[in-house]
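The structure appears below as structure tokens.
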Amino acid sequence: MKVLAFVRSLNWSARIGLGIIVFFGFCAAFAPWLAPYGESEIVGDVWEPIGGEFLFGTDIIGRDLLSRLIFGARNTIVLALLTTACSFTLGALMGFLAATMGGWVDQVLSRIVDIIISVPTLICALIVVSAVGTSFFVLATVIGIIYAMPVYRIARAVAMDVEVMDYVEAARLRGEGLWWIMKREILPNTMTPLAAEFGLRYCFVFLLISGLSFLGLGLQPPLADWGAMVRSNSEGIAWGYLHPLIPAACIALLTIGINLLVDSLVHKASGLRDDH
Amino acid sequence: MSNSLFLMIAKRIGLGFFTLLAISLLITVGVEALSGDICTAILGQMASEETVAACHARLDLDRPVMVRYVEWLVNFVQGDMGRSMANDRTVMELVSARIGNTLYLAAFSSMVAIPLGIALGVVAALYRNTGFDRGISVTTLSTISVPDFFVAYILMALFAVKFSIFPAISNVAGSMGFWERAYVSALPVLTLTLISIAHLMRMTRASIVNLLASPYIEMAKLKGIKPGRVIVKHALPNAWAPIIQVVILNIAFMVVGVVIIEVVFVYPGLGALMVDSVQLRNMPVVQATAMIFASAYVLLNLLADVLAILANPRLRHRR
Amino acid sequence: MTDQLLEMNDVLIEADIDGHWKPIVNHLSMTLKRGEIIGLIGESGAGKSTFGLCALGYTKPGCRIASGSIKLDGVELVGQPESALRKIRGNKVAYVAQSAAASFNPAHTLLEQFSEAPVQHGKMKTSEAAVRGRELYRQLDLPEPDTIGERYPHQVSGGQLQRAMTAMALGSNPDIIIFDEPTTALDVTTQIEVLSAIKEAVKARNVAGIYITHDLAVVAQMADRIMVLRYGDLIEEGNAREMLANPREDYTRRLLAVRNLREHKIHGDGINVLLEVKEVTARYPGTKIDVLQDISVKVEKGKTVAVVGESGSGKSTLARVITGLLPPSAGQVIFKGESLPASLKEKSKENLRSIQMIYQMADVAMNPRQRIREIIGRPLEFYLGKTGDENEARVHELLKQIEIPDHYIDRFPAQLSGGEKQRICIARALAAEPELIICDEVTSALDQLVAEGILDLLQNLQNELNISYLFITHDLATVKAIADDIVVMYQGGIVEQGPKQQILDPPYEDYTELLLSSVPEMDPDWMDGLVERRRRGEAPTAETLRQR
């Protein structure tokens, strides 16, 4: 019932966003049962038309595009989720530490983050991938660390806002330990902005992974992955086949969905009104 | 210019250069530490010690890493970026053939995107919560949340395949005249421009809306000042700092945004070169191009900060 | 032409609260004659600012004038297009905002902003406006009136800015000026200077005024007529002198009531000293200025010591030193005969338990994500090891002690009123069973009547539990009401200290006299009299003290 009440409290754009997320999540979770064919099974001729025997046609070597999209949802969404979780655990922990301890801890952490963050993320990812190669685990770790940097900044900033509150000073004066203050005073009061940030960061991570895959530096075939599917089928565009646009559209749809939801949640949480 | 202002800017510039140094260290030493021993990778675990040593000597890996780093840096600053591992051309040769193309792409897009994006942002902020504002907000939100290559391919499918107006492949060459070059690179420019406009517009709108909420804007209205004058005299002088930031951050964004767009349109720029080299694990080229991209990004951010300091009336006129 | 300059009739203003229009000014009417000043007074949420602003035909964003009529010089404002209202704003009706620092545009000089309204409304040329600006700056007692206009807003002090804003409002010779709490953010000694300058300038020009404030004593000095508002309704209206002398409504009487003097205790013998601050000097890390210089203060068992001073006097820093948040660079803090460790980290649980603190802003002193049960229960568990039913029972006891209903235990702070929140903070401090409570401006953020209740509660608790208070405040009325001993601080040093009677009765120390004499009194002639005495050199001014 709580879920229903939550959905009711959303405006129409947020509901659309939520619908898109739930839909893709469902596809990812039940991929093997939903997909009509196997992940890398060749089922027909190349470039079978969209809307014919195969709903989304077949790709450049004759695999069912719909099945690959469904499996791709699983690979791409889960990888991005793991990566974002990784970056949040690391980034938020560092950010809270810097905010609560202050002093040299804050100084050192902030300077390191300043430097890493001043290299554009895609360039940073390209350098590391060129050095260590691509695998599911490496990608999650590398991108997780890169994105922990902006998360650190946000987490530190929101924790600082809480940190200056008198109730944190009151807890310090009571003699509470560092861990207690982080867990009981700071974390509960930073959950809302951090949750919104999680949504946004997930989009960025998702786009970066898709971008890397698109450049041929992400998950390697025959694993289906939306970004890689765009790339491997991109030749079709020149022949007038729109097949590669379908996985690209899926990426776009999911990120727009998340953005719509996060946007309205942030608006609601801050009670922000634009009408000055 | 007052002394403390000068000091503040000097400090910021110093920090910028320190950052560049740290990045160069990461790009060279860090990458080497991450990638493990190249020679064992090339020759296999079974290779004898002598062959590995010979390989080290050939690739100049037998000296201490810090010595090689300093050497690399000194050479880099002097324009010597080493030799490509794929073919025996110097990296400088490869880079200089392409850097112009990338700059052309970024500059051309900036000239269209910056005035248009800021104008749209200001208009949306002034007419906020109208149909125009909502429409443009949804459009830009969609544009920035889709992958760059999606925009690129849609434009390609539309203008190159369906209507055959522009070429799908933008293989510009140095021998081309202005119009031919513009024609050939039309699609990448258009893609980059669309994406930049979306970013610029959203950031401009946000900073203007923020500004219009200030008590001094309310005060100006209560003094009976006409809306046009409120914007020009009261909002704009305080909006320069955020707008300059927006513009430069956007150029910085373009520097990176070109990578994927260049790959889509097979545009012979620095980004495509970097991606090719990463695939071939051609480290000297990767390092050089990464250093160039990172430097451009850091220097632009530095410029944005310095201009923001200069544009802030509270800092310009000290007590 | 009527003799009424402004006639507001049956004005209903509504605000958009979660998509519903709710009335915040409830069918109020007001008339204003030329040269008359009317005071709008009320506590927060009274609708006084909203009502005052609508004389400009203006409402804050998210509000609207739903019905009623506003006639300026016989011309109806309600329903006029913005372009017509613009011709009135800053021209016939001008506005002085509460926060001058935020209301001046940081990008332009004071004089540029001064000239804007008269020039834009076509009343004078830029050069004429500059002459007029300098003239008004001189009249409002601004320093260096000929050149101060070339400065930027952040280059002058708060009190000066507020005067510059009054000059700006007078610039285009308006018929009416709306003053929205113009002195609330200022220190008490600055407030009187600004008030008298404003009054003189306004009276000299026969300008009518709407003066909005929560402080009845301030309005007594300024207004000819007073309207008392509460929750958007009119409580009482009448001639200022008559109302102050003879209020009809109970609510007005309560607002008017001078702080009840609490029982007077015999001064202690100096033997039973609980806390002693001994020759403490302190500065913030990374700065070079001692914010406290050689401070010594004693607090006796069961007594209240009030530390009084203006902003920047160092009174809050003193609290930080005692709690250990700011270790002193010299001197020591002695508690029950033993020297306390300087920094928070070295203090024992017992040290921490026996000195508790209550803050100014109860809003931010409680974790908004914790229920009252946890807020009060945590110190019980942390210091006294009380858990489970024992903890719960004690929380109920404490709630009873601070006169808060039992069922509040499951509420979050946001579900409480300002006064109730402060009571919970008191309960949290009491839970630790402390011997000393530091009260940092605990009543300054509260409306007057609520503050009264909190002071009563604190006094009762002291009588019952024999707790000592160190009361940090800028408000002399509070000091008079609750202190046994008084410490007067100025710029990081102690001006004088001693028993309440000794400090508050003549002969005075100069700064203490300045402070005491600057506190507005209900007597409408008080300010004029004081200004006259200061002019004759019979009373100290901030200027003479600064020169010393």
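Chains: A, B and C, in written order; residue numbering restarts at 1 for each.
Going forward, contacts are C-beta pairs under 8 Å (C-beta built on N, C-alpha and C of every residue); 3 or more make two chains touch, one makes a residue touch a chain.
Bear in mind that the values here come from a model prediction, so they are computed numbers and not experimental data.
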- Query: How is the touch graph of the chains shaped: line, ring, star, complete or other?
  - Reply: complete
- Item | Best-connected chain pair, where connection means C-beta pairs in contact | A-B
- Task: Please work out the Cα centroid separation of chain A and chain C, and write it as a whole number of Å.
- Result: 48
- Query: In whole angstrom, how far does the Cα centroid of chain A sit from the Cα centroid of chain B?
  - Reply: 22
- Distance between chain centroids, defined by C-alpha means - chain B, chain C (Å): 50
- Spell out, as numbers or ranges, the residues of chain A touching 2 or more other chains. 275-276
- Query: Contact residues on chain B for chain A in the complex?
  - Reply: 19, 22-23, 26-27, 31, 34-35, 128-129, 141-142, 145-150, 153-154, 156-157, 160-162, 168, 209, 212-213, 217, 252, 255-256, 259-260, 263-264, 274-275, 277-279, 281, 283, 286-287, 290, 293-294, 297-298, 301
- Which residues of chain B touch chain C in their complex? 214-216, 218-226, 229, 233-234, 237-238, 313-314, 317, 319
- Note on the structure: Note: in the complex, chain A contacts chain B through residues 114-116, 118-123, 126-132, 203, 207, 210-211, 214-217, 227, 230, 234, 237-238, 240, 242, 244-245, 248-249, 251-252, 255-256, 258-260, 263, 274-276
- Which part of chain C faces chain A closely enough to touch in the complex? 61-62, 323-325, 344, 347, 349, 352, 356-357, 359, 361, 364-370, 378-379, 382-383, 428, 432
- Item | Of all residues in chain C, those that touch chain B in their complex | 56, 58, 85-91, 94-95, 97, 99, 102-108, 116-117, 120-121, 152, 154-155, 168
